[in-house]
Each structure stands twice: as C-alpha cells, then as structure tokens.
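In the two assemblies presented below, subunit A is common to both, partnered first by subunit B and then by subunit C.
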Partner chain A sequence: MIRAARLRVACALSVLCLLAPLRSFAQGELRFCLHADPKTFNPLMVDDDASEAVRYLTGGTLVRLNRRSQQLEPELATRWKTSSDGRRIEFTLREAVRFSDGSPFGAEDVAFTMRSLMDPALHSPLGDSFRSGPGEPQIEVTGSNHIAITFPAPVAGLDKLFDEVAILSAQSPLKERAVLGPFVLADYKPGLFVYLKRNPNYWKKDSAGRPLPYLDSVRLDVQQNREIELTRFRRGEIQLINAIDGEYFDRLQAQSPAEAFDAGPSFDSEEMWFNQSPSAPLPSWKLGWFRSTEFRQAISSAINRQDMSRLVFNNHASPAAGPVSPANRFWFNSRLKPHSYDPAAALRLLRQAGFRVDAGVLHDSGGHAVEFSIVTNSGNKARERMAAMIQQDLGAIGIKVSIVTLDFPSLIERMTRSFNYEACLLGLVNTGLDPNAQMNVWLSSGENHQWNPAQKTPATPWEGEIDRLMRAQASATDPSRRKQFFDRVQEIAWEQQPFIYLVHKNALSAVARNVQGADPVVLSPQTYWQIERMKISNERAAN
Partner chain B sequence: MSVVAQRILRAACIRLLAAAAVVLLAGLAGATLVRFAPGFGTDERELDSRLSSESISALRAHNARDANVLVFYARYLGGITHGDFGMSRTFPQPISQLVKERAPATIRNIGYGLAMAWSLALALTLTATAAQKPAADIVFSAAAGALISLPATVIGLLAVIARKPASFAIAAALFPLLYRYARNVVQSEWERPWIMAARARGIGKARTLLRHVLCASAPQLLALAGVSLNMAFGAALPVEVIADSPGIGQLAWQAALGRDLPLLVTVTGIVAAITLLGNAAATLAQQALQPEQA
Partner chain C sequence: MKRARLFAVVALALVYAVALGARFLAPADYAFQFREAPNAPPSVRFLLGTDELGRDRLSRVFVAAQTSLLLAPAAAALSTLLAALIGATAGYIGGWWEKLTMAGVDLFLSLPWLFLLLTVRAVLPLDTTPALSVMLTFAILGCLGWAASARVICAGVRQLRNSGFVLNARALGCSPARLLAVQLGPNIKPVLWAQFLVSIPVFVLAEANLSMLGLGVAEPLPSLGGMMRELENFSDLGSQLWRLAPLALLFACITAFQLFSSSREVQA
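On to the complex of A and B.
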C-alpha cells in the first residue's frame, strides 16, 4: 500500500519535472493600454482600434500579413489559390486544430464565418470590403479541410483581405468567444480592462516544438489619457505604447532611448481640403475659389510642410505628396514629390487665376478679400498647431485664415450633413495596404469623397477619370497593371489637389526593456504583431 | 404618531413626489438638449472608407431613430417601467448594466472623498474656533482659498501626478467649500451670548465646542452635508475623467461625447435624483432636529 502511494507520488513528480521546461516558457503578463472600450467583441463587426486590438490577439485567421515583410503567410490555411479572374479563392486548411473551447476547426467554420460576414444586414466594414459587385458569394465546402469561395465580381487583393477575417466556430455554444488565436477573452470590466488568457488549444508551436504563445496573459487597461499612459509606462506598469505622440516620444527618448522606437513614416496622412459641395451654404465666389485648381495648387505651394514636420511633429513626420505613404512599398508612387514651399509660385498661380494682392490682402476678380476658416477636431494638439502654421503661411500671401475646432460629432455633422464649413483639416488612417480600401474616398459617388461627396455624375472631368481608373484597378488582377492605374490616380490627385496632403506622421512606439521578441513596425499593430513570440524577462522595466 | 412625526412624514411624501416630477422633467430637458446638440445622430464609423453607401445609409437610419425626442422619451419611460433603460450607443451594452458596473467606483470615490473632506474641514474648523488666533485662521483660510481657486479638473490632474486616487481629488475639491461654510457657522455659534456665558462659568473649551457649539450648529451642518453630496457628485464628473476612474462621471463624459441619448438621459436622471434626495434628506434631518422651525 505504502509502496503504491510512493510510486504514485514519484510518477507525479516525474510528470511535473517533464512538464516544467514547457511551462517555464509561458511567461508572465503583458500589459498595455487601449484608448477606449472595445465597441464589440464580435470580430466581424470590428470598426474601432480597441476592438481591432482584441481581434488581433484572439482571432485566428486563414492567412496573416507579415507586418515586417508586408507579405502574406499561411496560418490556419496551409495553402491558398486565387483564380486568374480574381473572383474565386480556394483554401486548404490546417488539420487537427481546435478552438479555445476544444471544438474542432474545419471548412464548415470558414463557411459559417464567411456567410455571417457577407450577410447584407450585418453592415460590416470588413464584409463591405469583399463586396465588389451585386450578388452573394458562392461558398463550397469541398472537403473537411477544403473550401472554395466565389465572389460575384473580381475582388482586388482578395487574399490579403483574409488577414482580418477571424474564423468563428459554427458549432461552439460560446459563439465568438470560442477563438483560434493565441489568447482568449477571460474578463472584461468596462472602463477598466480587458483580460486575455493564453489559449490552451492554440495550434502554433515554436521551432523547438514548444507551444505558443509564451505569455500567460495580456491585460489591456482602458486608459484614455495619453499623458497618464506615458507615466504608467515609465513606472513599469505597462510595457507597450502604440502610436505615441511626438512630444511624448522625445521625452521618453531623452530618458530611455532603448525603449523608444521610430519606425519611420506611417501609413497615415494628414491633409486639408476645401468644401466643393454644391449643397454647401457658402457664397458662390467662395465655392468658385475652392473649385479652382490654381487656387488649391497655390494654397498647397504656400504651406511649408518641412517646417510643419519639424515644429509640430518634432521631426517625426515627413512631407506628404499623396495618399500613399512611402511605407506602403508596393503602392507608393515614387515619382511624386511633395509640393515644395514656394510662396512666390503660389502668388503667380493666383494671379493667373485672376486674384490680386492689394495692400497685403489677396482679393479675387470680384474684389472679395480672400479669407476662409479651417475646421478641425478639438483636443488634437498636433492638428491645432498645424492649423496655426497654415494660418501663418497663408497670411504671408495675403489670405486670412481663421481656425475653428469642433468636437468630433459636430465636425462629422458639418462634413456629412450640413456641409457648413469652408476647409477641413483631418487625418486619414489607412488600415489596409490595398487602394481598394479607399474606393469610397476616390469614387465621386462615394460618401467619403469628402470635398464633394455622393455625386450622381462626376462634377469634373478629372474626377470622372479617377472613377474610371479606380474601377479599372479594382477589376484587374495583375498587380503591376493595378499599380499603373493607381499610380495615375495619385498623379491626378497631386495635380488637382482635392486633398492637400501635408505630412505622414512617423510610427512611434515604446517597448519596455523587459519585453523580448517585439519588433516595432509601421503597420498596425505596431508593437505586438508578433505577440505569440513575445516574452517578459525579469529585468525591471521602470526607470 | 406625534404631530412632529406626521409633519415630517407629510413633508417627506410631498418632497418625494416633487422629486419624481423634477427627475422626469430633468430627463426630458436632458433629452431635448442632447437631441438638439450639434452632431446628434452622427457616428465616427461614417468616415470608414471601407463601408459601402448602403451600410452608411443603414448606419445613419439607425442613428436617426431617436430624432423625435418626445417619441424617444415616451419609449424610454415605457422601458423603465419594465426595468429596461435601453441600450447605450457608445457602449453596446444595456444601460442598467453599465450603471451597475460603474456605480460602485463613483460611490467609493464620493464616499471616501466626502469622509476625507468632512474630517479635515471639521478638524480645522474646531481647531481654528478653539484657538481663536488670527494666525490659524489665516493659514487655514489661505489653504482653502488656494484650493478653491483651482478647478476640479486641475485638482484631478495634480492627484494623478501625485499618484493619489480620485477620492483624494474629490476631497481636495470639497474641503475648501466645506471648511469655509463650517467655519462661519461654528464661529457664529461660538460668539453667541449663551456660549460666552457657559465659558464664563468655567466650562472647558473642548466641552463647549463638542457638546454645545457643534449641537447648535448641527442643523446647518446637516444642510451642508446634503449639499456636499451634490457638490461631491459634481466634482466626481471631471475628476473621474481626468483620473480615468471608471465611474458614473467618466460614463457621463463618454456619453456626452458620443451624443448617447438614452445613456445621457439616465445619467441626468441619476444626478437629479441624487441632488434632490441629498437636499431632501438634509431638510428632513433639519426638521427633525429643529421641529419648532419646521
């Protein structure tokens, strides 16, 4: 009896000893901040940064975009093939994969996810990205691990779109809480935190065969105040900051250079535009200025982008030429250079368009003094300073600019409902690499064609040309052909200046010294895109 | 039941009915203000370039469903009778759940804040009254004056920098108001002839203060206690935002930013109810202590 008990104890100890090395790789808790509560935990409905962070950490996708190489890599799909007409994609799925609750993963789950995503009543931004033409996709489950999806029209960059599609379980009673990603949602306290635990059934292993992720848990503290976020980082209470402000970045770099990362120009751009909508309650002469290509080009030339990058962003930004940042290696049009600062050239253009300067004030041909207001969102210090710099630069050529800051709902109302504004300064957040994500911005019929949205027919020939090129690139499947079309769109935008692109902010981030495996990049999520291979060492993070 | 008790009960019933009416009106006024605030019915998602025109139209139609404020309010009140406060627009959760989750943080912040502010204000009041020295008065009044000149948001920021909790900031915002009022009340009682007579008969300072002056000041201090609850709630709103304390104040701020009509109406109702109940409790307590004045 005693011998049997001893044997059992010995066996248990042996098992523990064998498991110990494996367990020791599950290391610690990573903490960082979300700047708002997630609006949804349904991965198909994600439309905000906080929900996107949770989806990235918990969702399992068929393919994953390597944020460093910007190339697709296999995940839950071991192979995939897109048809030559860009309408059909076939996936071969990984075998013996289980959801976090233990339910098996297979082609039926992918079919269920795609059917849910493409439900027209869902109005999912991700689903709309796949919707290139009328009709519903045909989903064929051709085996337990094989699925083919045929769309009614070609979908440009089809395979890359699957980077965002987190697969749901068709059978699990937990619904979207059953996940295939490295972490699983364990707790959520609104306004406080989102707590994610390691997914015990995560399929991925490291090169030594050890189960991933290494981390035990991730705690996402809801923290709106960026100043407090930085203070907490310095105290060692959090280990990562994404998209850190330039001013805070410099403060951090001065104190702890090893923890501050500047990955170069991000995908985001800051731009201003003039309201050209016929519905705008503006005097006809002002609409006339705003619709004048020479006027927009002159304004663009009168703005000193270099100074803006230096003074507003502490050199953590670069002058922008167009909608695509140099960080987007494939789609960036390297032939385009930012409009150089040249007030004399600006005045020449304005004179050509019938404007004249009297006693230091610019007047149009009808004798109206040129003055307008720029609206922007309140609470964004960088944007308020950019507006002040534009005010100063345009003052030098006799244009009086006033600055109006509004909270976001009021600003959206003016941009989309009343059109009661003259010029607007905002930023465009580019979440995807592919220009298809900007279709609604460039098509003249688009709701996000901000300078003159929802046109029945293109108001100008060059907008008609952009419509044609955008549709052509969306239906072409050859990447180089698509690039040619979109390069031309960028050139027209550069010539016509409907958006006056100002700067591309740099992708600034902070990673504590005790975090191993982080490789900050420009693409979101900048600091934790390799979350499954990240570890926390025992070194103190706080300074 | 005594005449006094009947009078208090009647007064309580009348106040309760008046409070219910005021809360309902406050809710309607709040709803109207939000409805006609710029940006009502808009949604940041409208700027998502991935959304199709159909999805944006659907989003706008969904957000415009509360455009008629009277219809909204009638539906909202109908829901309340079934215990349903509706869904928040900012947070996709039932409002009752949001309030339930956030209330403990605010109750804790306000509770500790009030306790700290009252303790400090009373301690300094009694010290200054007992001392009757200009130097003590000057020091305490200067401290209170300095704090009273700071907005609650600045106090909240200082508390964050000093790593102090939100309750500390609430206490710092309340203390100067409580101290100045309590000091005036206690000092005026201290100068009354019967107190001076008691002192002349050799009753000690401490006993005079604690047994006589404080008792005589109690009705006014109780009234102040009722008002201080409202003041604490008022201070909690900005402090919770600055200190990122997940309470009702932060919820109200986020609701205002998101033009979240049902959530804002609920929070308005809660603020109105707390204000009225605080005042009513103070008045009733005053009536109970001074029935002859009631």
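On to the complex of A and C.
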C-alpha cells in the first residue's frame, strides 16, 4: 500500500513538473529580450532603448501614436486641441481612471508631470523636445479633467510629442512606480531581467467589455548576444524579437516562415559623408575635393546601392535617396529617387570638376592622386562590408579607398573634437516621425551637422537655405506648409549630397506562432506596440 | 617518430610555401567581389566557394595564411624571447630578484592592456596601410604576451639551477654565462619550444578578437582570425563545411608544429 501511495505521489509530482512550463505560458506571460539594462525607470529621464521599452509597457500617455496608421489616437485624453500658433494645447481627460496603486488620475497629475518634465534641474531629454524658446510653459488646470499648456514659443508637432510623456501621479507615495499603463514594474534583477505584472487598475477594455491587458505578465530578459537571443526564440523561451539582423532573419525565415516578419524599409538609414570642417587637419586639396558638390555627387553615383542592399543586407534593405525613409509616409519626399549607379556619369561629373584619370588613377587638377580613408565603427560587420563594397566601386573610377575601423569612443573623438578623418560611414537611427527631431543635424550651427558642425555662420549658401527652411518648418503649424519646407530641405540634401545616403534597412522582427494580436510594423516598438491586446496560446509550449 | 617529424616538416613547408607565394597561387584577387556569386558553394570556378560579398574563399585563405602564419609565429618568437630573457634571469638568480620579477609579472598580467592596443590604433595615422597596421598589431601582441610564459620558464630554470649537473658545473668553475648557454639553455629548450607553439594559435585568435575591436586586420586584407568570424553563425555550419577552411588550416598548422616539436624532444 505504502509503495502504491508513493508511486501515485511520484506520478503526480512528475505530471506537475511536466505541466509547470505549460502553466506559466497558459497564464499569459510574454517574454522577450532587452539588449542592455534599463538606465532608468523614471519615464521622464528615458534616453535608451531598454528604458524606452519599460516606459512603453508601463507608462500611460494622453495620446498614443498608432504605429500602423501613424496617426494620433486618444488615450488618457479623450480630446485635445492645438492652437493655430502651435503654442497652446488643451486636453480633456478621461474620467474614472486610477493609477496602478489606486490613486485617482486627474488634471493635477498632468500638471505635475509637465512641471517635472520642464524643470531645468531635471535635465530631461524628453523635456528638451518641448523647449522651442526661452521661458517656462504656463500650465492651467481649468477643471478636474481639463488642462491647458501654453509654451513660450511654437512647438512644431506639439501633440505628437505627448506620445512619449508618461503621466506621473502627483499624490502617490510610490512616485514613478505608480503607473497608468497596462503593466507595472514588479521585479528587477540587474543583468538578468525586468519583470512586469498586469496593472489591475488599467482603464482600457476590449470590445466585449473585458479588462485589458490579456497578458498576466511580461518578462524582459537582459541579453546582449543576438545569436543567443535567436536560439532562445527557436527554443520557445522568448516570443518576440523586435529588431533582428538580416542573416539571422533569413535563417529564421527558412526554418519557420510564419514567425519572421519583414515590415519593409525602416526609419533608419546608413550614410557616409566627407569631412568639410575647416578645423580638419587635412591637406587643402583634399578639403577642396570634399567641398566640391560635383565630387560628392560623383561618389554618390559611383556607389552601387542595389548591390549593397542585396549582398550586405540580404535584400532586406532598399537604396536611400535622402534622410527620410518611405516608411515615414507624411514627411517622405516621393519626388526624390536614389542616385542610380552610373560610373560613367560619375566620371563625367569629375571631369567637369577638373579631375582626370591617368593610367587608371584619378587625379585632381593639381596632379594629386585621389585617395581617402573611410572610418567606421569596429565590430559592425554590415558597415565593414559596406565599406569594402564602396572601396571596390570607387576603385572602378580610379579612387583608392582605405578602410579604418575604430572603437566607438575613438571614432566620436575624431568626428567631434579632433576632426581628424576624411570620410565616415555610419548609420542614423530615426526614432521620431517629425523633422524637428533632426534639427541639430540640419542647422549649420548644430553639433550633429556632421560634415561641418557648429558653424557660426553657414559655410555655403545652400546650408544657409537649409537653416532658413528648417526654422520656417519649425515655426509653422500648418502641416502641409511644414511639409513644403521640409521637402525642399530633402531636395537640397539630394542635390548637394552632404550626406551620401546609402540604404534604409528593413524593419525585421520575429513573433512566435503562439502569440496572438501582434502586428509587426516599422515604428518602434515594432512587435508589441499593441501589447494590451496580445495573448499567448499554448500551441508552442506544447510542442 | 621520424615519420611524424617528416610529415610535420612537409606539411609546414607546404603551408609556408603557399603562404609565401599566396599572391601568385591565388586563383583570384583576394579582395575582388564577384557580386553575382555571393555565398557560393564550392565549384570549379571557386574551389572553396565565396564569402558574403562574393570574394573567392580559397584566395582569401591563401592570403590569410600569409598574414597570420607568418606574423603569428613572429609575434610568438618575440614573446618567447622576452619571456626567456626575463624568466630565465629570474629563475637563475633566484632570491629577492626572482620575487621582484614574479611580482612584476603578476602586475603585468593584471593590467588592462587592451586599452593600450585601442590607444595605439586610435593614434595611428588613418593612411597607415593595412599591412603596416597588422604588423604593428602583431608586434604589440608579441611585446605583451610574454608574461605567462616567463612564469613557466622561471620555474623550469629554478628547478634546473639546483640540479646535480648544474652544481657540478658550478663546482668546476663554469661562468654564469656559460652555465646559461651550455647547461641550462639546451635543457630549457623544450619548454621554450612548447611556449612558442602554444603562443601561435593564441596570437592568431587574439588578432581575431582584436578585429572585432578594430585593431585587427582591416578590410579587405584577410587573416585566419578575421576569416573565422564567419563561423559566428554556427547554426549553418553543418551544411557549409567549406567555411571551416581557415579553422582547418590553423588546426593543421598547430598539429604540425606540435608533431615537429615532440619528435625533436624524442630525438634529443
């Protein structure tokens, strides 16, 4: 009898052990990886991808950008109105909403959040986006559910900026731990994971009136290694990969096509530029080449972007024409096409600019052989391959290119302090839709005006024209007028090629079969932007 | 053992002949991208297939052998020489000098030399040729790689210092220089040889790691370590065994070095 009882207990325990992993998935725990520890859990101080992921999952915002339609949708604000001069915005807030700790939500919380955000002592990166002129914003609480904010100067794309402002509680002793988003921070082990539990007070409900989110918890494992991340995805240990490299994507697609998603060109671009800074310790003839529009246009025409997309990104990229990707539907200037690969045209342009080819080597009018180095960051295989392709393409028109890979701090030192480089190949990560996010790139006084940063006065007429257009679009509030201005900026950039845009990488992601409700898109966060409607089924766990 | 030694000598001679004549023997330019044939499997045109950019892998293996198998042994020789000088002196003199030297070795091993390597690369002129850059890299590796070997050599010399034949030689009035050259030198040679052989793959792999940090061999010049970065995608290796060619060549060379050294020991 005793033996039989022991056997039954052992069998029961075995069954429980076998069911344990199924049970955890059946309760609806979504898992995916962060590639670094979050630097902060304060939503006003977010400046890195990992913290941004936590903010998106836990923070409640007044409005939310629909990542599919790229249109703003009401969230904690049921209505909002921006003044015609772009300085004032009024919100009508949703009623009967509570923070995760039960404290009520109202206009005072929004006022508290905006005051904290705009506090100069906080140095909030997000707060800087709202600072369009000197002075502090005026915040008027005109009712328990009504608030108006007036900024000292027009803020272009004002309403869209609130997509990133997670509202804090003015009263809760938990401070930023009291949230209005679908999940709440439950545990964090540095270097291991961030654990989020369902917010029991989340205000949103589905069409059948059931409370959202469907998931009970989200576990974000800290994992830097992309290969391990993919292996864990294949094993079913994680269910999402937000941004996946081309070669990994192809392997996943070959094995499990239903789990691999290519959403098309992303907002990110890869580009190269020549150093035109007068502070650069370069020979005058080299600076002369780099400042020549024909030279830059010739280089652009001599680079085969199609081959680059095909070989380096396994066809998961498309040739770039300018700073705005076709994914950015409103701001993309569709009249511009990428410079086509045409070495003959490149040579014609170079001859016009006084260059000549002798014995297969391109020389300038002073007889100097044309050769330069391209610096890029080390450890990035895609960029090293792109540089190798540029080397061969430019070799075909008689230009000798050497490739130098540097660790990132050394590269930044050369780009921003010593200016001791000739050409640079890097990528630009665009997180915002609005061109205002690129102000410090395009204004000639900007620190990120990479080819010739921090100019006191524009070095060229076309840079002066870009300055004027960027300021005009920033102060205009009519979207179509702003688009006209920024379209012209893109045209000038296309003509002058200060940045030689190469490709836009595609937004590649992976979603496990057992995840329901995911709709991968280009905009970040690609796979979980509608997290509250996502579910986990047991299909994969049972496999 | 004679046969093993012969085999090792022939194998090494063959590899070094190929390495030295790489530019003439390579069927294609190691840097040229046959863009219509990326990731091609082995064929008559490309005997070891092509890489992601369509570059002939066989030609790249030949040139990589030249880069790695000439410079890694040179760096290994430099580090073994430094280790022998420092380790043997410490082991022979003994006492406080040995303690001081070993403390210095400990300190040297604990210092983050990677930053020196990064700094050197950062201050190199941008027009430094890839060949000069890679030679400098291996020279630095050679200068930094002596410490661990010096410990082993010091221990070996210390043991020999108190052995009967050394005491006899001393009693007969043998000078310290002659003792080191005639008595200790030949007896410590197997240790030096082993340290030299062990260092070669270490330097090849160190170069591969440095490539990830931008201090290794710059594109498009290949090195065995750099080519082994292709093996990062280990999941596809089963179906593309030809990608293992640089690893196989490195393995064959190290084995040949080992066979050569062990047969010499037996002969001695």
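A few comments on the model shown:
Convention: the second predicted complex is superposed on the first by the 513 of 543 C-alpha atoms of A that agree within 3 Å, B and C clash if a C-alpha of one lies under 4 Å from a C-alpha of the other, contacts with A are read in each partner's own complex, and residues count from 1 in each chain.
Going forward, a contact is a pair of C-beta atoms (placed from the backbone, for glycine too) under 8 Å apart; a residue touches a chain by one contact, two chains touch by 3 or more.
Note that the structure is a prediction, hence the values are computed from the model and not measured.
With both structures placed on the common chain, the touch criterion links A:A459 to neither subunit B nor subunit C. By the touch criterion stated above, A:E413 is placed in contact with subunit B and with subunit C alike.
By the document's definition of touching, of the two partners only subunit C reaches A:E384; subunit B does not.
Looking at the superposition, the partner that touches the larger set of subunit A residues, subunit B or subunit C, turns out to be B.
Applying the stated contact rule after C-alpha superposition, one finds that A:V357 touches neither subunit B nor subunit C. With both structures placed on the common chain, the touch criterion links A:D128 to subunit B but leaves subunit C unconnected.
Contact with neither subunit B nor subunit C is seen for A:L72 once the two complexes are overlaid on the shared chain. In the superposition on chain A, A:V375 makes contact with subunit C only, while subunit B stays out of contact range.
Contact with subunit B, but none with subunit C, is seen for A:Q224 once the two complexes are overlaid on the shared chain. Looking at the shared chain after the overlay, A:T40 reaches subunit B, while subunit C stays out of its contact range.
In the superposition on chain A, subunit A positions 231, 406-407, 410, 413 are in contact with subunit B in one complex as well as with subunit C in the other.
Subunit A contributes residues 37, 39-40, 47-48, 120, 123-126, 128-129, 131, 189-192, 222-225, 228, 231, 406-413, 415-417, 428, 431-432, 437-441, 445-448, 454 to its touches with subunit B in the complex. Every residue of subunit A that touches subunit C in the complex is listed here, in rising order: 227, 231, 247, 251, 304, 307, 310-312, 373, 375, 377-379, 381, 384-385, 387-389, 391-392, 402-407, 410, 413, 420-422. Those residues of subunit B whose C-beta lies close enough to touch subunit A in the complex are 37-56, 58-59, 91-93, 98, 101-102, 105, 160-161, 242, 244, 246-247, 250-251, 257-259.
For subunit C in complex with subunit A, the residues that touch the partner chain are 31-33, 35, 38, 52-54, 118, 121-122, 126-127, 129-130, 211-215, 218-220, 229, 232-236.
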